[in-house]
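Chain IDs A, B, C and D follow the sequence of writing; residue 1 opens each chain.
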Amino acid sequence: MTKNTENENNITTMKALVFHGMNSIALEDKPKPKIIQTTDAIVRITTTSICGTDLHILKGDVPTVADGRILGHEGVGIIEETGTDVLGFHKGDKVLISLITSCGRCIFCKKGIYSHCSNGGWLLGNSIDGTQAEYIRIPFADNGLYLLSPDTDDEAVVLLSCNLPTSLECGTLNGQVKPGDIIAIVGAGPVGLSVLLTAQLYSPSEIIMIDLDNNRLEVARSFGATQIVNSSDGKAVERVMALTKDAGVDVAIEAVGLSATFDICQSIISIGGHIANVGVHGKPVELHLESLWSSNITITTRLVDGSTTPMLLKMVQSGHIDAKRLISHRFELSEIMKAYKAFGNAAEEHTLKVAIKNTSTIV
Amino acid sequence: MTKNTENENNITTMKALVFHGMNSIALEDKPKPKIIQTTDAIVRITTTSICGTDLHILKGDVPTVADGRILGHEGVGIIEETGTDVLGFHKGDKVLISLITSCGRCIFCKKGIYSHCSNGGWLLGNSIDGTQAEYIRIPFADNGLYLLSPDTDDEAVVLLSCNLPTSLECGTLNGQVKPGDIIAIVGAGPVGLSVLLTAQLYSPSEIIMIDLDNNRLEVARSFGATQIVNSSDGKAVERVMALTKDAGVDVAIEAVGLSATFDICQSIISIGGHIANVGVHGKPVELHLESLWSSNITITTRLVDGSTTPMLLKMVQSGHIDAKRLISHRFELSEIMKAYKAFGNAAEEHTLKVAIKNTSTIV
Amino acid sequence: MTKNTENENNITTMKALVFHGMNSIALEDKPKPKIIQTTDAIVRITTTSICGTDLHILKGDVPTVADGRILGHEGVGIIEETGTDVLGFHKGDKVLISLITSCGRCIFCKKGIYSHCSNGGWLLGNSIDGTQAEYIRIPFADNGLYLLSPDTDDEAVVLLSCNLPTSLECGTLNGQVKPGDIIAIVGAGPVGLSVLLTAQLYSPSEIIMIDLDNNRLEVARSFGATQIVNSSDGKAVERVMALTKDAGVDVAIEAVGLSATFDICQSIISIGGHIANVGVHGKPVELHLESLWSSNITITTRLVDGSTTPMLLKMVQSGHIDAKRLISHRFELSEIMKAYKAFGNAAEEHTLKVAIKNTSTIV
Amino acid sequence: MTKNTENENNITTMKALVFHGMNSIALEDKPKPKIIQTTDAIVRITTTSICGTDLHILKGDVPTVADGRILGHEGVGIIEETGTDVLGFHKGDKVLISLITSCGRCIFCKKGIYSHCSNGGWLLGNSIDGTQAEYIRIPFADNGLYLLSPDTDDEAVVLLSCNLPTSLECGTLNGQVKPGDIIAIVGAGPVGLSVLLTAQLYSPSEIIMIDLDNNRLEVARSFGATQIVNSSDGKAVERVMALTKDAGVDVAIEAVGLSATFDICQSIISIGGHIANVGVHGKPVELHLESLWSSNITITTRLVDGSTTPMLLKMVQSGHIDAKRLISHRFELSEIMKAYKAFGNAAEEHTLKVAIKNTSTIV
């Protein structure tokens, strides 16, 4: 009876994917979030996704994620409510959510290193509740949301929350890919494939994709790789050196996070080349300074800042990047446990990225 | 009698410091070099020096140096003769010799990576005869010499052959030192001290010098270091972090070439910082990507290209850099064996760099 | 009687320099400002100054300044009160006020072009009340104030509100001054002299100062100019070309705002050189593309963004810049009309910059 | 009889297009060129073209071109002979000729400003004989030629002598075109269309082409322009501002060389934007500093250096640029007078670029 009199504004619970310690997640009822700071916005999620980092959380690799946390840092939605100090957004606006929360005021924000914002950073689905839910609270909404036109296809842009800016910033831009370069991307997972998509904005003449999985290598070829190398026989370095007439590659992008893949990058980099690390590493790697000290190379690391999201939105809108082709599987929010399974068994199910739709709350 | 009829052009032998395998060098008579290519010049050396790399050669670490090679890659002198295709120099010109030979035509020269010139690179005192002699043949003379005014003090510029450009290019420039930066230099030897001199061209607000030798640290202080840290107690990292209020340094410059000193750099680098490797490494180092993957850092390596020598000459001439203060000991060419001893026992003799004068051939 | 019961917080009026149309200003009682937005702060001014732009306002050249406006955009003070959304400042903090108001959220702020902030820009003493008063309201306080240590000398930093960042950003940085450059600065007023101070952070080998006023040229020499040229005889170009052996200068910085001074820059710029315009121009200039089209030059314009203020604070603190030496005259706020007179008659009174102290409100 | 015994090496005359003062050119017999310097090469031309600059020469606008000069600075050919100091080329090599002669040794070459080489620059078809002939002597051959594979299609690369590097260096690179930019190109002639081709290497989201000629605008559309604007009604600025919602364009590229077209660029440039001048100007232009002084803009000029030719060759080979589509008309060298006519009446004959084949000397 009380239910009948409830309108949209009175809904107080919502569905959300909640973390409960290693390998334990569940779709549960949680209180709908509320404005806390005057700079907050509440967004009704329409589409979210699952990131490789979410799988790391499940494995217990990310100690900042507490029991009870709603996971997820990717999402498209509709503004439900804004704090009194939000200047750029209004109820009803369609928005893309950046994985990075940034205050726009601290020393790191002023340098564009939003990932290390003194008042933010990667918080969503980590130290505060995330996007795998019907609603989310976005702190510093003016700096964490991007306006979309009402007719934007959610799937065309949802990977601009994390996947595409990660690959562009940590891989393509840090690697300084430029026209005419020969580049190698080690790892053809969703991030490596996104590097492949974003690198093409700068017209390298050769893109060599290296992976253990032939299916993903074929996807890479269809996405624009000019050469594919299956590294399972341990001869990837040999083959890349042959392809480059022993000069090596101008840019090597590590998109896995292992010692073995970082080693490939070290072994194929040309004089004056750039190694851009994108992968999340759990252990130290050996750096061959005994040979590289004199090679005039540059090695970079980076946590995605999300600073390129506006540019990526233009690239999607102008047709330069088709991010949607990375989405291989689609689910309802109510099926999110199945989505996690499909994403977790990527090799078997040929999963790239999943789109998770929240249709239950459409009014 | 024959001697009386000899004029300058008929001298056919000269004194030179010759390498004869591990730990074996001697001052010997060698044939005076002649023009081979039309782009060559013959230079009469007036001042040369000894580089840390020469000591590595003595230890047998540089296999490209054959028995019988004249060592040395630093020098000031007077043009004795030029090939028919040398455009910019004439007999009698006072010149600085660059350690790097570059053709000015190959793909690397066009990128400014002269150190990896397809037709040159570091040849002098390595794969061809060097500067620790009365005369030297300089290939591609137009690209390997710099004109000096006749009244230039040899000692003011002789370290611009190698030491200063090495420190500037591999350290200061690769580290992207800029006004307001806090920088740390690990290693207060001649190269580290040169980093200290060249870094000041870009006005860092703090320069922390780290070394094991208190004497060199005091020299560093007198050269402009704002903080000195003796790392012999293993607490250098701790102290640098305290000095920087746990933020770490904007730029860490490795000027030693050991795992331990590279480790210091990794441990003190700030978010968004630059590690510039200058040291020559003999072994791999451990790179802590398990923490650095998300630190937005840049690591660079480089073999000196000598591309900054023209700028450094202006800096010496305008008084911005006093390179001469690095010269602690002076010798005649006839005393070069004593010079090697002084340079080899740097800690005991408080040697920084040596100047070796060739006065015997002044006509 | 009511007066006796008033404490600091109850003061409701203050002294302020108010604009009343062309050539009409007066020191008047005005209401003390109050917090309007949650991101505002109220600052009690301890030191302010007068800018050349204030004289333009007096002449009626700046139509955005309305009758009744409190002038001034330079200042040091103490935080009196903060809005609830101010994160980085608290009552009692000593602060430097940036001339630029920036929201930290808009497309321009994300590019670092704070001067064109969609919600800010140059507002103080222009479209909102300024610093020539006992108190001021600072919008977006987190982005418009810089924390100072309590013992900071006001005069050492007050010119970092406007003068120093203007000269550094529009002149030195836009001109890309680098070690070894020959640079010319046209105009030895407070801004040109500040270019002279900030350019030295990048170690140019020659700094040629050009002006009509011998007194200011002598000041320039004492500030580090290596050559001074009085242009009153119309032969400045001739002399600069002689000084540069007809090569011209690497960087020419226009710090006046007239066609004649821009012409000097065009005439002395070298192949590949940079012309950085700092001056405020009232009329078009003639650009000699008939000769410059093939000269590989770069011309820049800029409204100061204030983005370099943190770096400049470090440069003052580390002793690299002594901004205080630009202050030639000192006044109390009660004497501000005299200060305007001294600043307006700069040539006669040998005025560079004035410091105006507000001591009346010290509690 | 002697003729019968002549073989290829004995040919001593050749056909060449010779300039004889204003509006006077003729195809004549000239002596076949010979090696003069040891760094020279003789190239047998297989394909050449005509540049807009050649038309300027005909009008008498280029005083450095003397009576009797063979014109032309674009060409593909086969090495016939090399001087003893040429390192990188051999008889029989297929080569692309750069319009720029550079010594690789002078201060400008070391900065990459080959166009102002102290021993070179634009000499071919200007102060020495050019490419519109059967043979040409190329000074500093190692720096003025690029190796082509024997099966290279001449027409695919001949415009990389001048047209493509001009548009890339002076337009696209100087304008700093980047992904997501809105750019405008003023002038849809061969150079403007080449800017259009090269700009796409950097993925701008919008390319607005402005011209008076509807035919060329349609060509522009087929080459990738996203918007075309016919400026003949004087409303180009209005239309561009409407297309950009009054923000203006990020990059405006002037590819005509007139005051009116430079004015369009000034009027449509956004805050922080770049104006890249490519056009050859005969008169000064008015620069609106009274409004632009505060717009944070950059204006650049440049004479093509040819430094990007290696990159452009890769872009042609990898299919990123189809330079051949700029060739609208084809002629034999014997028909070169007709080729000049077609190129001179471009609007009427819908000429873009012409290819002129030298088939007479194939052996």
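The definition used in the following text is that a contact is a pair of C-beta atoms (placed from the backbone, for glycine too) under 8 Å apart; a residue touches a chain by one contact, two chains touch by 3 or more.
Bear in mind the structure is a predicted one, so any value in this text is a computation, not a measurement.
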Distance in touch steps, counted as few as possible, from subunit B out to subunit C: 1
Co-neighbours of subunit D and subunit A - touch as defined: B, C
Distance between chain centroids, defined by C-alpha means - subunit B, subunit D (Å): 42
Where subunit A touches two or more other chains, by residue: 310
In the complex, subunit C residues that touch subunit D: 108, 111, 113, 115-116, 257, 262, 271-272, 277, 279-290, 292-303, 305
Subunit B residues touching subunit D - in the complex, by the definition given at the top: 37-39, 84-85, 87-88, 103-107, 109-110, 112, 119, 142-143, 307, 310
Partner subunit D, residues of subunit A touching it in the complex: 179-180, 201-203, 205-206, 226, 310-311, 314-315, 317-318, 320
